[in-house]
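Labels run A, B, C and D following the written order; every chain starts at residue 1.
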Amino acid sequence: MTQIVSFIGLGAMGYRMAAHLPKHFSKVLVWNRTSNKAEEHATTYGTQAVTLQEAVQADIIFSCLPTSADVEHLIQPLTIKSGAIWVDCTSGVPESAKKLEVQLKEKNVAYLDAPVSGQTIGAENATLTFMVGGNIETFEKALPAMQALGKLIKHVGDSGAGFAVKAVNNMLMAVHLCAACEGASTLKSHGVNLQEAFECINASSGQSTVTSSVLPQRIFNRSFPNTFALPLLAKDTGIALDLVQNAKLSAPVIAASQSLIQAASNLVEPNSDFSTVAKMYEMLNKVTIE
Amino acid sequence: MTQIVSFIGLGAMGYRMAAHLPKHFSKVLVWNRTSNKAEEHATTYGTQAVTLQEAVQADIIFSCLPTSADVEHLIQPLTIKSGAIWVDCTSGVPESAKKLEVQLKEKNVAYLDAPVSGQTIGAENATLTFMVGGNIETFEKALPAMQALGKLIKHVGDSGAGFAVKAVNNMLMAVHLCAACEGASTLKSHGVNLQEAFECINASSGQSTVTSSVLPQRIFNRSFPNTFALPLLAKDTGIALDLVQNAKLSAPVIAASQSLIQAASNLVEPNSDFSTVAKMYEMLNKVTIE
Amino acid sequence: MTQIVSFIGLGAMGYRMAAHLPKHFSKVLVWNRTSNKAEEHATTYGTQAVTLQEAVQADIIFSCLPTSADVEHLIQPLTIKSGAIWVDCTSGVPESAKKLEVQLKEKNVAYLDAPVSGQTIGAENATLTFMVGGNIETFEKALPAMQALGKLIKHVGDSGAGFAVKAVNNMLMAVHLCAACEGASTLKSHGVNLQEAFECINASSGQSTVTSSVLPQRIFNRSFPNTFALPLLAKDTGIALDLVQNAKLSAPVIAASQSLIQAASNLVEPNSDFSTVAKMYEMLNKVTIE
Amino acid sequence: MTQIVSFIGLGAMGYRMAAHLPKHFSKVLVWNRTSNKAEEHATTYGTQAVTLQEAVQADIIFSCLPTSADVEHLIQPLTIKSGAIWVDCTSGVPESAKKLEVQLKEKNVAYLDAPVSGQTIGAENATLTFMVGGNIETFEKALPAMQALGKLIKHVGDSGAGFAVKAVNNMLMAVHLCAACEGASTLKSHGVNLQEAFECINASSGQSTVTSSVLPQRIFNRSFPNTFALPLLAKDTGIALDLVQNAKLSAPVIAASQSLIQAASNLVEPNSDFSTVAKMYEMLNKVTIE
């Protein structure tokens, strides 16, 4: 069966993700708010730049937008192809996924919340991780399309579960980032060599992807490359804390870390990389983390 | 040059560490508070069980005791061989290292704070990580002996720096453990499959050694194997928080996590494994983490 | 002008509040889910027990229910008297107030969020504090009716502002309660006489209504009288944390305290008094607060 | 019996406290590091400016210095009158009190840790609160002298207990200050009138001396009068957190608040008033608290 696939939202992630689809599908439609980006994509990767209304006539529709609110707003006026599957790769809100699943079902459209991790490098190499919530049969139908873009693709639960896992992943990363900045500042204050210290820690129980990748590649070398904006991390931690609250749970470390990420996001320049959380700590502690 | 090496403190770590020394040194002395353990070690590994006073006549003296207070108390009445190097593998207090270095120097004995990570499996396979503080020349002299027991051996700074790195490592692990329990409880409450979810997280930015090893191997499977007692982790987090305070730093995530580890340590059975922190969260949230 | 006044919800607060109205208004209607309570009130205080539909034909309609969700659910099917003012004394959610204000306005009914403080004793003595959000002219029209029940009656802002102030008040109380339990446990552990210590603190900068009233009257004497249920306090702290999050603020002390109150609420018997937060601390610290 | 009384340390508190002593004792000696302040005191209040060695020949010796380290350093070389009572009004460290009590006892000098609260206004009006640790008979002997300076004078426990109570009082104040700033920022963000809101809160369960005095008198009016330096508050919260840790307690709200006070102290100008904690929050939240 020949499927038509479309991709909506050609940001830093979406642009690279959509580039893999023509290798697997004969007809790939792309749409982006600023249309010249879609045209550039079509020229470069052999996709077709179309109108939004055309894009939603595909069999499988990927979306990758900044927030769930953007997705809801975009979907509202559309007449989507009956029988289509909407695979939403946004780092979104679980409640929104549940709502969209119900709304789209009425129009005979299936919805999966399918956020990804792996950053732009993972998008480029089609090695993303997909954490997917929604109906299991829908998941299986959309699996080949997701496999074109990712490596580890997991069905983690009902609608909203994918967004929940992504939010918790980013929340854990945020906690680890705060802890790493605090620990590094402490060692620096006591005259310890940070490079040597974290080489030890990275071979020990205190290791995290933050200590082994973020610290050396973004913070110690003062590069703070702008690949994942701090306000988006703040948003994700907010989603995670909402999940905590909705379930009436006690999560003091998550709650404290969320406060700090929010403060850092309020403090730094808009669109600063998430690693600039380190700069807030440097300001509060008068200790450079390098 | 033929060196005599001794090992003081044959606990779960020390017993396994000392076992490697006879492969590299012709004369290896061991001492333990309960002497039959030393004799068993001598019989099994070809070491010599001696008195404490004899043990401290070696050229290189390893110690591995529960706390710095134990080391200080043990050293006080001893007449240590002039020119010896004392390599203290205890997870100790930086201030104590600085004090012992000065006190022992007066007796022409060098002191290194050289705590290890890698747990009993690392001790057994001689793949421990040593994070070492103290004089760099002393470090180089003691390096071959440490290489007999470990793989990554790093000089991280002046006296006390080794203990500081170990305390911060364990503090980071403690933070990650709290965050992992909180995140897992949240996902569980929202009906997410924890195994699948953490497979995704372990391939993503939220990964830590806690999420990839501690969660599946100790908590999800309800084994809580008793290998590293929670009160010792609580002690280490206390050392880390003291370092924060002494440097007049602000470290809210470390501070919050230390409180929780201390509460868990107060709550659970004495000598419970550190992973039983999960049980405190289960009690506070009425959610099983599995 | 003769006004008809009604009171909906005769719980511990509402029952006592409605009792004052017949002194000021010739016709006072009351309604309660369990109607025998309304009849008892009518017999005792000279009010009239009516149906819910009759109650909402009054000129001024007071409501005092457990949550905003209860109020929304109750209002939905009703046909309220055109021109009426609804004075909602529930400890509710600011967003709900904004929504109700708009919805009721369409039916020519004005809505004020007008939560109260002062507990049952304040309700009994008509010395409650009203913190009121909504239209200022509506506030002025409803003022005489509120003055029948309270002493300090403040217009604090637009719709939702009253609920916001109540939520923040209760959140501050929750923070103070956690801090008082922590401080008292610390002093007790160090052998300090708590009664004498808090007599000093209550004359010093560390005083709060919690230290001067809650500690001696509910905790030190082990009475924990069941007047304000801990789950309701947990709910209020959740509302406050939502306000923090919606405004993208950093409030680490509020966030940490909210987590602890939620944990205590999960732990203790349902409907335990809010002061039983002390019992959670006693469990976590193995120190009795008395 | 005629007693000679001396006062060591004529800072903002000591200067005003010592001024009351000549009304009750015929011979009052004063000493200050910068001696012209002592001479000015002698001229103004009829005390005698003496050498430090002369000052410690009094029957009752008051001291009021910035830290316990200052007191220890000052006492070390002195030969104090046998039979004297040293009343230390410093906001000091409990461990230091225990040590000084033992050391001075060997020289037949009694020591009381007797910190005060009530600020300069309380010192001026002799309405201070004394929270006193140490031997009860010594307390009773020194009581008349303390009564010359204060109103509420309490024996709260053994040596160190006075310092502990003062540290916990200031810690509670610090928690309340953080919570008040967080709560006020939240209300401000939601458009609530802060003056009206806190008038309600001050009549409700969320009241504290911080909300009823510090907020209106120092923060809302942007005066931040420099009467109690933030680094001294940070020091006191550090003492309180040490007490928590020494007793192996879990005190998450104290721990989080201590971190924030320390951060604020690191951030603001040296010697800024403690109320400038509000300025840190304003920076982190981009919300003015007024």
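The definition used in the following text is that a contact is a pair of C-beta atoms (placed from the backbone, for glycine too) under 8 Å apart; a residue touches a chain by one contact, two chains touch by 3 or more.
In this text the structure is predicted, and so the values were computed from the model without any measurement.
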| item | value |
| --- | --- |
| Intersection of contact partners for chain A and chain C | B, D |
| Most distant chain from chain D by Cα centroid | A |
| Distance between chain centroids, defined by C-alpha means - chain B, chain D (Å) | 40 |
| Centre-of-Cα separation between chain D and chain A, whole angstrom | 51 |
| Whole-Å separation of chain centres (CA-atom averages), chain A against chain B | 36 |
| Residues of chain A whose C-beta touches two or more other chains | 249-252, 256, 259-260, 263, 266, 284-285 |
| Partner chain B, residues of chain D touching it in the complex | 234, 238, 241-242, 245, 248-252, 255-256, 258-260, 262-263, 265-266 |
| Chain B - residues contacting chain A, complex | 94, 117-119, 129-131, 151-152, 154-158, 160-161, 164-165, 168-173, 175-176, 178-180, 182-183, 185-187, 189-193, 196-197, 199-201, 203-211, 214, 240, 243-244, 246-247, 249-254, 256-257, 259-260, 281, 284-285, 287 |
| Parts of chain C lying in touch with chain B, wherever the complex brings them together | 252, 256, 263, 266-267, 283-286 |
